[in-house]
Amino acid sequence: MNFASDNTGPAHPRVMEAVVAANDGSAMPYGKDPWADRAVQAVRDVFNAPEAAVYLVPTGTAANAALLATLTPVWGTIFCHEDAHIAVDECNAPEFYTGGAKLTPVAGAHGKMTPGSLATAIARAVPGDVHSAQRGPISVTNVTEAGTVYSLDELAALTTGHGLPAHLDGARFANACAALDCSAADMAQGFDAISFGGTKNGCLGVEAAVILDPARAWEFELRRKRAGHLFSKHRYLSAQMAAYLKDDLWLTMARAANAACARLAAGLRAHPDVVFRHDPQANMIFAAWPRALHQALKSAGAEYYVMDGDWQTGPADEILTCRLVCDWSKSEAEVDRFLAIIRAG
Amino acid sequence: MNFASDNTGPAHPRVMEAVVAANDGSAMPYGKDPWADRAVQAVRDVFNAPEAAVYLVPTGTAANAALLATLTPVWGTIFCHEDAHIAVDECNAPEFYTGGAKLTPVAGAHGKMTPGSLATAIARAVPGDVHSAQRGPISVTNVTEAGTVYSLDELAALTTGHGLPAHLDGARFANACAALDCSAADMAQGFDAISFGGTKNGCLGVEAAVILDPARAWEFELRRKRAGHLFSKHRYLSAQMAAYLKDDLWLTMARAANAACARLAAGLRAHPDVVFRHDPQANMIFAAWPRALHQALKSAGAEYYVMDGDWQTGPADEILTCRLVCDWSKSEAEVDRFLAIIRAG
Amino acid sequence: MNFASDNTGPAHPRVMEAVVAANDGSAMPYGKDPWADRAVQAVRDVFNAPEAAVYLVPTGTAANAALLATLTPVWGTIFCHEDAHIAVDECNAPEFYTGGAKLTPVAGAHGKMTPGSLATAIARAVPGDVHSAQRGPISVTNVTEAGTVYSLDELAALTTGHGLPAHLDGARFANACAALDCSAADMAQGFDAISFGGTKNGCLGVEAAVILDPARAWEFELRRKRAGHLFSKHRYLSAQMAAYLKDDLWLTMARAANAACARLAAGLRAHPDVVFRHDPQANMIFAAWPRALHQALKSAGAEYYVMDGDWQTGPADEILTCRLVCDWSKSEAEVDRFLAIIRAG
Amino acid sequence: MNFASDNTGPAHPRVMEAVVAANDGSAMPYGKDPWADRAVQAVRDVFNAPEAAVYLVPTGTAANAALLATLTPVWGTIFCHEDAHIAVDECNAPEFYTGGAKLTPVAGAHGKMTPGSLATAIARAVPGDVHSAQRGPISVTNVTEAGTVYSLDELAALTTGHGLPAHLDGARFANACAALDCSAADMAQGFDAISFGGTKNGCLGVEAAVILDPARAWEFELRRKRAGHLFSKHRYLSAQMAAYLKDDLWLTMARAANAACARLAAGLRAHPDVVFRHDPQANMIFAAWPRALHQALKSAGAEYYVMDGDWQTGPADEILTCRLVCDWSKSEAEVDRFLAIIRAG
């Protein structure tokens, strides 16, 4: 009953098999392996972007920070939601990779910037005023950190009209696609650079950094190397990404994760003591219930984060918020076991 | 016949099996997996350093740069051989991670700094002179970039007497240990931080960053995260390192690589047209022979780097230098096939 | 009628005379000039801090950024008001000098953080969570960017209780002292580092960076040099600062500036069409009135910033906010001329 | 008898008078002062570069580092003499400003790179190899750190043929011009960016950063601001530079400095115990003589740097090398007094 994160789940057997299969004899290093071309081509295909620069890195933080560094001058500022992973969960990685650019936090309920809150933030950075940070990229996260999903229209409303480059943090890109029932190319519309996540969705550790303008490819390669993210035995990254995209495995897994989450949400919704903090639209739930129920769940071995207090000590009826995340491997049985415990109380 | 690098070889089956075995159900992320403790403990054991801070990263550049950043203030300079990987093969990663420190190149034949050349370089950075870069760590590479191996006495002569921290770039640490027939702890003597390589020696991609002073552990963790090198699905790094160290697999593989290299060197030495640029003391050979022989080898499918010219075009008798590297997987048959071709001419 | 900024005013004759006097024959460079000791001692005296490290730099941005870099690790975040100069007017200088630390904006009316808003911001940076920026210094600006002045009690309420270092951006330190009728030492209470401004208050260009803990002195010297702010002909900085502090000239000038501002505010307050945005407590006024009055003032040669629109084009009765700043040199006549024009309409 | 540096000398009276004259009433800040246009125009005129971007900063380190940052990507390396000020006397300022680029030291006798040593260094940075630092600008210092002067032909031989941008560290630009009897435009031939020094040659503290390609102007402005080098009371920089260039004062002062140096060198050359380390071609002398003579000079109050030992303690006949620098203010009498002492022994 591990709902702590989608990064607690295992790699999908087909991904692992591809890694094992790639371990066959010698292969040239640094992305010259035969699996690399296949992986890059597969990414270009799902994005319908035959010219895109595509590079593999092992973590989402690396993909985000290296892409943002490619889009942001040192005197720039990145506009992102105030709860964005790049703003609060990467220990200043964007500031590091950009060489000292800034992030401007943008307010918004349920993890979403609004066109208005974004425009207000952008207006404060004054182009041509040497004292002000200059306007850099807009970075949007979909699925959001609140487990909600921007619609395609909502995305378009953020990325258009400002004349600024746009970055998509797609750590849960697949889950958003599955939720919206859209293609990767649909979701990428309007973005200049995309962190296309694999790690949270059934890979061991691989993300594709996608840059639509191939003129920026070489710069990205240098930034990746300089950050220590160019793998010598690159084939193991290639093999993961190739298997991830083959036969829509990425979508199959995301749909499974979202379905498990929906089942869990439905069960919780039926519980009189459960309150939802945000509408769970993909594979994450933010909900609250009394400490006594947390204690029952935790004692039974359930793993998940309690956000705002100590579940072990305090009044039994105090309401504590938690986060539950489903990855591709969550079974109906596992979900139902969780629900049975909370129902039993 | 791939002698291009030790990073062209496959992972050892036992390493791969450990990765597959770790893919079993859920595991907590970011180094809280059960394999992590085992891996860290195994590293501490081989270094006989029960208090050491040990962290896993996926590449040698990441290990080097993050460790150097921990040892070097932004106003410092790192003393290293002028051909060191950190100086010429990491696209300014140390400068990036340190936030703008400098590297001072130290001269020396056959890839080795000498006590004299090092002392001369150190003397130029004047402590207490605000205009000068301040003295930072000494970084030593063993096996060197020239395929030679510092003896333990040579290492001690570099690391002692300057009152400066010392870093060991051990991308081929195992091969150096095997060559010297010493323990890891012996080789680590006098060093404050060690990049303990696994990638080139039979892993998929893992290096242990070892810091002897545990007071620097937290800083390193923050630097690793900020650089995007903290793996969420950390178990796959843990599993590699644990398997690598189990039952001395790391030494077994290094010995195999060195033996293959010795067999190759012996065969080449017997050839009248082969000249050695450096004495091959571990698993790398720098040697030279006429273009015609390169053409024969390349045509037969041999893979290796020719350093100083185009092997395809030019006079048949022009002498061209090349690098040959053996990893753990090189068979006697593969070596012998190479030798047979060069003998046939 | 230049009320654009206090940096539009001239240097005080006594400051200029000191510079001229320092131009006498040879003097050793880099702060070894005889005026340096006098200046440093004078700063220590007014702060009643005989051990403090004191360094001179030419701009407020340099003082702020270099001091913050001394207090903030690269993985840290600086807590400051969302309108602080370091946040919005220094083109990412703090991010640059710190090597990629972050600023966390803290909300608050009239340019002031409140204990509550500060505590909320601090709570979001979680110590020991490697994903989060770690808590760095609290930076407070007095006089605030809104022209208000924190009381000594308000300052203490911000700097105490968090176990974090505190930095005071004192670009208008003297004006705040004059407003509070307190000593420099009183205002410095609770701060670890102070940007003690001279430029805006009658100098040509000099700020004292004051670090209470002398153990950090050498680090600051290296940071200053590395940023190109160590003056070779340092005597001209020394002479300014020594003259600035001699016979309380700094306070005399600040009182004059505040008095001119108070006179201006009183006159404006009497005008039926003038609205104050903040209470002018030192030498800055934020006020609003109809475009027609702006047009009258500007046509008569008044210089000042209109913040939120084009004073030249638009409805005559539209209300536009402006900023008026008085430096030490503003005469009563100049103030009265401005008031006469706005009264005439 | 201060020959410690040209930065120990006073500002020229006409420069100081210009500063005093600029202190007249209000002036708009940040380079909008009326003296700024005059200064910028004067710089463009002497360089015969009507389109050049010209910015004033207070120190040579700031000019060098900000210009190099404009020319060098973070993955680049700067080619410069191994004794260049940017390499050994700026505490990693170029590494800081560039965000972690590298400097590649180039060997050469008497402070001069040769076309051969430069080409060798450039060849080591391999374009298109992601592991290597990429080729950045060539930085040349004239007058060199050894007091020698590159001829115009020597400069052209360094700046042409590599397809790389070129930077001129002209901390002693005027002295080089005077030595070569060439125009500023002649010396600037082939350079993309020039640090045009004023501080060492009779100013209080001002350097012009000159960028020939105006398309890079805005970037430089942002870098200057972000480094804290945009002066609010910019008029005092403007006034210095305008006076410096008016009626060729800069050349008059440089010629005076060079003449004093030549007189000093001639006197020393006549002394049997004096050995020259480099040929003094501008305003610096590197020479050696026995400790006893140093003791005589120092006891008489002569100020200069002894480079390689303690002049106070040791054998009287030990030869110690020293540096002597003349600024514009050195009188014949002062030079002759020095010579009289050394002659007396």
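Chains: A, B, C and D, in written order; residue numbering restarts at 1 for each.
One rule holds in what follows: a contact is a pair of C-beta atoms (placed from the backbone, for glycine too) under 8 Å apart; a residue touches a chain by one contact, two chains touch by 3 or more.
Note that the coordinates shown come from a computational prediction; the quantities given were computed from them, not determined experimentally.
Colleague: Would you mind checking which chain's C-alpha centre is most distant from the centre of chain C?
Modeller: B
Colleague: A-D or B-D: which has the larger count of contacting C-beta pairs?
Modeller: B-D
Colleague: How many Å are there between the centre of chain C and the centre of chain D, using C-alpha atoms for each centre?
Modeller: Here the centre of chain D sits 33 Å away from the centre of chain C.
Colleague: How big is the gap, in whole Å, between where the Cα atoms of chain B centre and where those of chain D centre?
Modeller: Computed value for the inter-centroid distance: 42 Å.
Colleague: Using mean CA coordinates as chain centres, what's the gap between chain A and chain D in Å?
Modeller: One centre to the other, that is 51 Å.
Colleague: Return the residues of chain D touching two or more other chains; collapse runs of consecutive numbers into ranges.
Modeller: Within chain D, the residues that touch at least two other chains are 74-75, 90-92, 96, 99-100, 130-131, 134, 222, 225-226, 230.
Colleague: Show me the residue ranges of chain C that touch chain A in the complex, using the header's touch definition.
Modeller: 74-77, 88-92, 95-96, 98-103, 105, 124, 130-134
Colleague: Where on chain B is chain A touching in the complex?
Modeller: Chain B reaches chain A through residues 2, 4-5, 7-11, 16, 19-20, 23-29, 57-66, 90-93, 96-97, 199-200, 204-205, 222, 225-233, 236, 303, 329.
Colleague: Inside the complex, what are the residues of chain C that reach chain B?
Modeller: 30, 73-75, 99-100, 130-131, 134, 219, 221-223, 225-226, 230
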